[in-house]
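Taking it in order: structure first as structure tokens, then the write-up.
First chain written, first letter: the chains are A, B, C and D, and each begins at residue 1.
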Amino acid sequence: MAKEQPGSPASFVDQLVVPGDVVLDLSNMANQTIKLGSGLRQESDAISVTKAGKFRLSKPNKYWVESSQKRYVPCLGDSILGIVVDSKADNFLVDIKGPALAFLPVLAFEGGTRRNIPKFEAGTLLYVRVVKANPGMNAELSCTDASGKAAEFGPLKDGYMFECSTGLSRTLLSSPPCPVLEALGKKISFEVAVGLNGRVWVNAASPSTVIITANAIMKSESLSVQSDLNLYAWMEDICSSCGVVYGDTQTPAIQPSIW
Amino acid sequence: MEFVSPEGLRLDGRRPTEMRQIRAELGAVAKADGSAVFEMGNTKVVAAVYGPREVQNRSQQLSDQALVRCEYSMANFSTGDRMRKPKGDRRSTEISLVIRQTMEACIMTHLMPRSQIDIFVQVLQADGGTRSACINAATLALADAGIPMHDLVTSCSAGYLNSTPLLDLNYVEDSARGPDVTVGILPKLDKVTLLQRISCRLCMTDTTGEYKGIRISTRWINYNEG
Amino acid sequence: MEQRLANTWRFTVNERKFIETALLSDLRVDGRRPFDYRNLTVNFGKEDGSAEVQMGHTHVMGFVTAQLVQPYRDRPNEGSLSIFTEFSPMGDPSFEPGRPGESAVELGRVVDRGLRESRAVDTESLCVLPGRWVWAIRIDLHILDNGGNLLDAANIAALAALMTFRRPECSLGGEDGQEVIVHPPEEKEPLPLILHHLPIAVTFAFFANENSVAIDPTHHEEAVMGGRMTTTLNANGDICAIQKAGGEGVLQSVIMQCLRIASVKAGDITEKIKKAVDSFNTHTALKKIKRHPSSIPMDVDGADSKLREKQKSLVDKKATIPCPSENVVRETKSLDQ
Amino acid sequence: MRGTQLPLNQTQKVRLQRALQQLESLSSKINSNASVTVADSIPVNYEDGVLKGHGTSELNGEIIATVCGIVERVNKLVYVRALRARYKPEVGDIIVGRVVEVAPKRWRIEINYSQDAVLMLSSMNLPDGIQRRRTAIDELNMRSIFEESDVICAEVRGFQHDGLHLQARSQKYGKLKRGQLLTVPPYLVKRRKQHFHYLEQYGIDVILGCNGFIWVGEHVEATDDMVEEQVSKSEQQTMNSDGILTDMEEQEQVSTPLEIRRYVCRAANAVRVLSTLGFIVTIEVIVEIVNLSSSMNLDIHEMLGSEFCVLVTEKEVERRTLTKKKG
């Protein structure tokens, strides 16, 4: 699609691109500095795409391809959900859906010292931050924010964790808040933690609420560019499929936008 | 064919809910940590347990519980016509799995992390009910090895021929292709852990008969242990 | 070591605990109640005897083929039925390539027991020439995606494939009447298999805490459960096979309750399969009508004689009968079953 | 009871049976109905409060046994001592084991436990006897200390996160040479003050490992000093141990005299007899049996015959009756 005007970036921005598409022609853009993000490759003057997704531009000059995938490529500063796999003397080995296990140093906790190393059994779910992500190396995680405070990081107790695509988790974290979350939040109260690596943790007072929330979020994955869709009807559908009555008849104020 | 005479006796002279004579002996394999020979009539099975010991394939090691493995085999001379079956055919693979899962359920595996328990069961003579005999032998061998267990599993088979429920089938009754069932129970908890039924068109037979038989066998095993 | 850890599927303590606690209040993660079955869809391939079953994320394909072989010596006038399973790493990373693993063998054996020992397929009608030629039916079950409860899905796939399978008709010919002629489908309408009843496998999962039970477990639930029982029943409520291979102990009364539920489910599933097969049959029948009508009103001498010639040559070709060279693993009723 | 597989003639059978019966009558008064099998319920007095120990679990408010064995009660603690099981290590146990693997900075040792034990290079006295940090060179030379399939003697240090650790911080521990390793069920070896024994009259050493591994070998001077040796002692001692080392090297050249070899075999057979009969293995009994066999002018191989076994059983009865009377 949109093959007419290679060279003019505007023609590709926010369009779907596939590997091999030449999205920018630098010869037309002399004396401009541009920054390339993931999914783009420079071949002399041509900038071509290496993975399928949406071509994005962040003004003034940052370009990248945004894609939705099941696996996660660690990226500095991302908040993610990891699962403890094993503990070694210096590190916890954590699964982050990435190409390799990540290391969480045993001291990377608020006020962490050798004497108060936390104990996590295999299978513990952690909300962590990526602090080192170099290709070819295991990523390094931390349970503190930049100032060394625990913030919200740390183990997540109870609740339910499910996996989705990285694209969906990004949508859930977007601002303005994701319509599905907002619509759900109007009716029921729940806690949610979204990891950029495509893992979502949900907790609520009753298991049925957790199940509704989890299913609603999981099913919103396939709910894409249907602007005329009635979110309320959709939600009720999910609730009835979960065997729960959604509640009062008021339609949520927000209609789903494109995501 | 008539499997139950009008007088209510079976081909080998037993009553329908009568078991064959059972005999068990512990310590049949000196090298093993625990071992047992179990006989049900002419069916004779030997079981040996090694472990808990260091895990041989370290990649299989479990950090929170013991790894249980089981190998079932049938000696070539165990049946009437000598057979030369390749090792690891589908039937023995399945029985190995069944024995392993049955034993795994009653071994307190969490007490022996990072170790491995091997159960070897071999049929020396087959005359029906080898599956049950193997389970009984394996239980005794595990008890002999001093491995902590929730309960002793006891097992027995039953069938339905000539519209009579029969307990503990022998080979002739077994090969009549009537419905039959193998039950493994945990007598103390009074729960069923193993249940395999192979049958053609059958309404439910009452299981009281076989339970009775299994109770007897449990009692007998206890006596034997003491 | 690390490589091994990197490739296995993770399961969090949270999920495990949640699945168990939700079951206590009769809820399941995918919104089902403990005794709800997942949505079942059966699709058929273009050829006869292939079926695809989808239950949630579980996706199994069944394919039936037949071959003329020599019968077993102890049953000279019966055809045979064998089941092969293929668990490729594509369906689940825990399946290892190469020889079938324990779970693949167990699945094959349980489906086999349900079908064969309950004599669902009429094997005597598969005999062509007693002692010489019989049809050997082979069912291949391929796991395309493992979303839990492969056994039930595989069993349904096998049944659906068997129900749509058509074997070529054959007759005896030659000077001594001992030669087998296999008629191609254009010549004689292929024959369906005779199925006496449909044994349906229904699987229950048992959980350690508070003796919870759930039907048709998903992949996640299978990772949590302490034991499993597969009951194979037909729509009449006859029990064909039960498999509970160890695991969590269960009270006798619970087993009886499961059997009652299973017999209801077996009825439902039978309905669904029959409906799917019926619609497939009418569909193919319609296609035939569309395809052939032009040939029927054709003039007699032209095309028809040509057709006859063609048939003749086909018959000649059939003088060479496929040799039973393939090793079909056969599982005789073993001593202790 | 496990049957002992001995080819017995009629009189021997009667004698053995009688002896066993006597043994039973001697012991049964102490522990009459304390033996349990798996899933038997153990009667307890709940009012006093109960602590569940090894081999027990709770089911429906009842305490049940999880192994076959003898119920033991210590104050509130109730536990079941398994009759036959693999070795259960306790800190401070002296054990004999076999090296199965030389790994980085450690040896892995098979000790009849559910896992292999670990002996770190750092918890082991170096051959030069000097206390210092272990260098990379020491690590490279590990095979010159112990290599695969060597039999060694060590002490249980305790459980670490990666398994059971041993230590050998004394000259009495270390590689065992010129002798026999015997394996008996671990419950036949009782924990005592002394596990190293030097039988001067025969010139042999006997080490009764708590894990059921028993070493019978030619006497080595280093183990002569049977008093607990402290690690942090003066340099004088290290010099002393140096001297012993050279001593050992010298000894290596000369082969073991035939007489001593005979005694090694005799003692080993004594242990074998006890193991087949299922009697507790103590140094006193071993000495007694060795003496008995020599006084009867029995050949070494005849010790394993049924006649001798019956005789040993009868002796055991005598011994226990005597101790009983004394008691």
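We take it that a contact is a pair of C-beta atoms (placed from the backbone, for glycine too) under 8 Å apart; a residue touches a chain by one contact, two chains touch by 3 or more.
Remember, it's a predicted structure, so these values are computed and weren't measured experimentally.
Common neighbours of subunit A and subunit B under the contact definition above: C. Set side by side, B-D and B-C show the greater C-beta contact count at B-C. Chain closest to the overall centre, judged by the mean of its C-alpha atoms against the mean of all protein C-alpha atoms: B. Centroid to centroid, with C-alpha atoms defining each point, subunit C and subunit D lie 59 Å apart. Each chain gets one centre point, the mean of its Cα atoms, and the points for subunit B and subunit D are 36 Å apart.
Averaging Cα coordinates per chain places subunit B and subunit C 30 Å apart. Counting partner chains per residue, subunit C shows two or more touched chains at no residue at all. Among the residues of subunit A, those in touch with two or more other chains are 86, 121. On the subunit D side of its complex with subunit B, the touching residues are 2-3, 35, 37-40, 55, 57, 59, 64, 66-69, 82-86, 100, 110, 114-116, 163. Residue ranges on subunit C touching subunit B, taken from their complex, read 1, 4, 102-103, 105-106, 108-109, 113, 117-119, 197, 226-227, 229, 237-252, 255-256, 259, 329, 331, 333-337. Touching subunit C in their complex are the following residues of subunit B: 58-59, 79, 89-91, 93-94, 96-105, 126-132, 151, 157, 171, 174-175, 177, 180-182, 184-186, 189-204, 207. For subunit A in complex with subunit C, the touching residues are 83, 85-86, 93, 95, 100-101, 121, 123-125, 156-162, 201, 206-208, 210-211, 214-215, 238, 241-243. Those residues of subunit C lying in contact with subunit A across their complex are 2, 5-6, 10-18, 21-22, 25, 27-33.
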